[in-house]
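Structure in structure tokens, see below.
Labels A, B, C and D are assigned to the chains in the order they are written; within every chain, residues are numbered from 1.
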Amino acid sequence: MGGQQPEDPAGRRDPGAHRVLRAARPEGTRVRVGAVEVGGPGFVVMAGPCAVEGAEQLELAARAVAQAGAHLLRGGVFKPRTSPYAFQGMGEPGLKLLVDAGRRHGLPIISEVMETEQLPLMAEHSDILQVGARNMQNFGLLRALGRLRKPVLLKRGLSATVQEWLNAAEYILAGGNEQVLLCERGIRTFETSMRNTLDLAAVAWAKERTHLPVIVDPSHATGIPSLITPMSLAAAACGADGLLIEVHPRPEQALCDGQQAMSPGDFATLMQRLPGVLAAVDRHLWTPAVPAQIAGAR
Amino acid sequence: MGGQQPEDPAGRRDPGAHRVLRAARPEGTRVRVGAVEVGGPGFVVMAGPCAVEGAEQLELAARAVAQAGAHLLRGGVFKPRTSPYAFQGMGEPGLKLLVDAGRRHGLPIISEVMETEQLPLMAEHSDILQVGARNMQNFGLLRALGRLRKPVLLKRGLSATVQEWLNAAEYILAGGNEQVLLCERGIRTFETSMRNTLDLAAVAWAKERTHLPVIVDPSHATGIPSLITPMSLAAAACGADGLLIEVHPRPEQALCDGQQAMSPGDFATLMQRLPGVLAAVDRHLWTPAVPAQIAGAR
Amino acid sequence: MGGQQPEDPAGRRDPGAHRVLRAARPEGTRVRVGAVEVGGPGFVVMAGPCAVEGAEQLELAARAVAQAGAHLLRGGVFKPRTSPYAFQGMGEPGLKLLVDAGRRHGLPIISEVMETEQLPLMAEHSDILQVGARNMQNFGLLRALGRLRKPVLLKRGLSATVQEWLNAAEYILAGGNEQVLLCERGIRTFETSMRNTLDLAAVAWAKERTHLPVIVDPSHATGIPSLITPMSLAAAACGADGLLIEVHPRPEQALCDGQQAMSPGDFATLMQRLPGVLAAVDRHLWTPAVPAQIAGAR
Amino acid sequence: MGGQQPEDPAGRRDPGAHRVLRAARPEGTRVRVGAVEVGGPGFVVMAGPCAVEGAEQLELAARAVAQAGAHLLRGGVFKPRTSPYAFQGMGEPGLKLLVDAGRRHGLPIISEVMETEQLPLMAEHSDILQVGARNMQNFGLLRALGRLRKPVLLKRGLSATVQEWLNAAEYILAGGNEQVLLCERGIRTFETSMRNTLDLAAVAWAKERTHLPVIVDPSHATGIPSLITPMSLAAAACGADGLLIEVHPRPEQALCDGQQAMSPGDFATLMQRLPGVLAAVDRHLWTPAVPAQIAGAR
């Protein structure tokens, strides 16, 4: 075959990830989700319970995060669980609850999709399709998402390098879907004090390398409620474009990862503390009252 | 809700992984693949190219591994690749080549399945369905495999604990498919001299904890051809039930992971060296001439 | 021996680390270094070259960091190097240069001590004695430092848990020296894009657990100059008490770790950006003009 | 300065580690310890308690390992402990017990040295000076060991790459002391089922790269007694030159790491199982009855 580069029987060569690179869109990608824009100067907060558990729990959570100023409502209805016997999510009935709660409180919704088979349902109802860390290299799922024209939030794998994370996003972009948000949620290291090790330098590094917005999930990253506020402020300070936070009306009763959920009160306090840090880095909480063109000219 | 245990709305509780535990089948599971038995005293070697590239390459590889004494022919036709532009495998035409080569040389075949959609095709033609490290927690795929009655080889995830690996196997067993082989293929650590860090202590530990057979893949684990022989001998010495090895007729020309493939000559030498180590731990290379009952009585 | 607890022949039992715990001094420890106070509301910046290389280099660096508002001058004269043939530091002549430069610019100095034998010299001349990551569990050195009454900056080991880091500090406190600063400088993980993985959650976690001040070294943590500013701002946002930053007048000519040093211009810009973030978390750059008592009463 | 290579003020350049490389002594280094030779075809087993606790404990341990066929007696008298309040070893009185026990049973001894100050005492009495994992980059200690003419066993650091380990050995060789044994004792990874992750591929890799003998410590590596036998057999199979094993007459009463010590009975069984595996790789347990020249010609 002669050349040094691997070549496949069809003669294609691997050009490497290129659609995701900053050079492909130096001004950065802005992703529209309903009225909300992610990736511009406005900082976007997505909050809600890890799992939708029922109508009352979700209503309490949705009301709390909406009142505190969150921009999207999160809630899992299909849950990837280490054990086959753990609560696997409410499925379609949970999705309906989530859609209704979002509508009642004027919040677009984000929910996880685990399998290609769930795409038709989820793509119809969820405003952002979340891909979990364990599926970051589920290439069939990534390809299927590339065929949609819907925003996707792609979590970094537990042990994925930044380059592998960008390559996974390239799978989606290569299919023509350019509405991709990256999400850092902590990597797996030797340190066991916390659930994972939040890699904020990877956020700053990714922001240099790619034009895609980068979101931070401090809840999964630390697993410790008292660390969510400092890590959220740090994420805002280092250039992240938003947060994905678990809030539960009664964290101690959560069916899933309750020990890491914020209470509504703590979340409201965090929302009051974010603007100061954001202002120091020429950002602000996203708001329809500050049009992007004006904010960008500051 | 009263109790301390998480409970889902339907009232189920998580009993934890139990079907995989050694206590559930103290004598150990033996998995039949054609005439070959994995998990008994016979040590089973699966070998072949990382990817099926064409008829000639596969025939040369199959002939070489058969002559050297391998028991199964491996070959990927659907390849999970970090980059969407890298060679993704030959797909169904490659599978046909693999089936034919196996038949010609009297070897059952093992090939990777990446998506639920590939299951009908793969389950019909491949004797063992391999689940790659990146799919170890692709729970939809695991559940679908649990509905089959076919042997599955489940690779350990890059950063999966032994417990998470057993839990992933539990997903398959919970569906009623008990023919599961575990495969250690190296974990991701700080050490970059080698591709991954082969965790042989996890093999010995898994053998204590579960009744499922444990296979070792020294090719992906090290990525260095000269280390495959010592690591194969070490795997045999510490209680593994078999090996999964990449052999390519011309490693330097391989389309996928060529730098880690063994040459046919080195593989033949390894096959000659295994019996000595196996004898020292009361095992032997699997052979139909030593019926399992007799070998078990040694 | 009866009991379940390990007990040594002399009858002592291990009470665990307790002097370092927050409960032992809930108000937090403040460490005085010359006129500077670390651990109060004032945020302290230590900056200078990785290694003292000569009079001119050091003077340029010292002038630059002093003008930009740094509070201490850092500079290594004994350098731990992976290779025995790499530049090992200027030793005592370098220390004299550092002392003189600090005096000229009104900055206390911090320099690394590698061995007990260097303690008399270093304790006489350096205002803070730095213990490097590779020496975090050099228990003989820690004990010797415990016998001094000088501030010590204890870097976290490359693969030390937060608990092990606190235990190492306990060795110093147990000797009666309570002037200990902790310093997070990145941990070793699988991620190789950056030199190490900066673990800011460990900073917030340590601040909860211990009364000792916590400093962040973004230079060693990332090894990438463009990441130092965002990581410094993030450190300020999440509760760190100060920074330890490498600044070199000509980074590209540095004898040691030059690729990660900031230029004087970038450092000056960082110093202008810190106050905004600090104000958002009720902190400020340390300054003698804001007496600690008043600041503490805010 | 013009050139691209870092250069220090004295004009030396870093040639990189070279004395440790296989090319510097292709036939391999053989280290004499009393009558025992390490690094030739004979496989050497060093065994004994983690810590010397008293005369009776040590006598029982020494007798047991001598009767089972061990070649050296190990025992710590200066113990590096995470906590300053844990049992720190018996010190000089313990060393005397160890020397006497070794003499009574005809075994050379190996014991850990933690600080340069301990060198005169330890170098006089211990046949091998052990450097623990936490001191692998205690460069002052390494340089001091380089000035001795005594065998040194250098453990790999918890998160040291193979290259860094070789560089640490180079510090000793650079001082003129060529009697260095490397010891793999497990690295720190995300996996918490075991104390550390035994990296046997690093053993095979190190054997390729360096002429120094490589020993394996399965006790610290796994922390689980039932895994010591399989990991010892695996070490023998993959080319290690010997083992360092913790044996305690009453593991459950050990003052230090008792949970990982082998019982005398299990150790004796292991010693009976090693010869079979060693024979399969053309090695044998070291014995004065098989002169090295003859064995080398096999």
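Here, contacts are C-beta pairs under 8 Å (C-beta built on N, C-alpha and C of every residue); 3 or more make two chains touch, one makes a residue touch a chain.
As the structure is a computational prediction, the values presented were derived from the model and not from experiment.
Trainee: Using the stated contact rule, I'd like to know whether C-D or A-D comes out ahead in C-beta pair count.
Mentor: Looking at C-D and A-D side by side, C-D shows more C-beta contacts.
Trainee: Among all other chains, pick the one whose mean CA position is farthest from the mean CA position of chain D.
Mentor: Max centre-to-centre separation from chain D belongs to A.
Trainee: Mind checking the centre-to-centre distance between chain B and chain D? Centres are C-alpha means, answer in whole Å.
Mentor: From the centre of chain B to the centre of chain D is 34 Å.
Trainee: Would you kindly tell me how far, in whole Å, the mean C-alpha position of chain D lies from that of chain C?
Mentor: Roughly 34 Å, centre to centre.
Trainee: Roughly how many whole angstrom separate the Cα centroids of chain A and chain D?
Mentor: About 48 Å separates the centre of chain A from that of chain D.
Trainee: Give the residues of chain A touching no fewer than two other chains, as numbers and ranges.
Mentor: 159, 188-190, 192
Trainee: Drawing the touching chains as a network, do you get a line, a ring, a star, a complete graph or other?
Mentor: Contact pattern: complete, every chain touching every other.
Trainee: Would you mind writing out the residues of chain A in touch with chain D in their complex?
Mentor: Within the complex, chain A contacts chain D at residues 159, 188-190, 192.
Trainee: Would you mind writing out the residues of chain D in touch with chain B in their complex?
Mentor: Touching chain B: residues 159, 161-163, 187, 189-194, 197-202, 204-205, 208, 221-222, 224, 226-227, 230-231, 233-239, 273, 276-277, 279-281 of chain D.
Trainee: What residues of chain A sit close enough to touch chain B in their complex?
Mentor: Against chain B, chain A makes touches at 1, 6-9, 12-17, 53-54, 80-88, 90, 114-117, 134-135, 137-140, 143, 158-159, 164, 167, 170-171, 174, 188, 253-256, 258.
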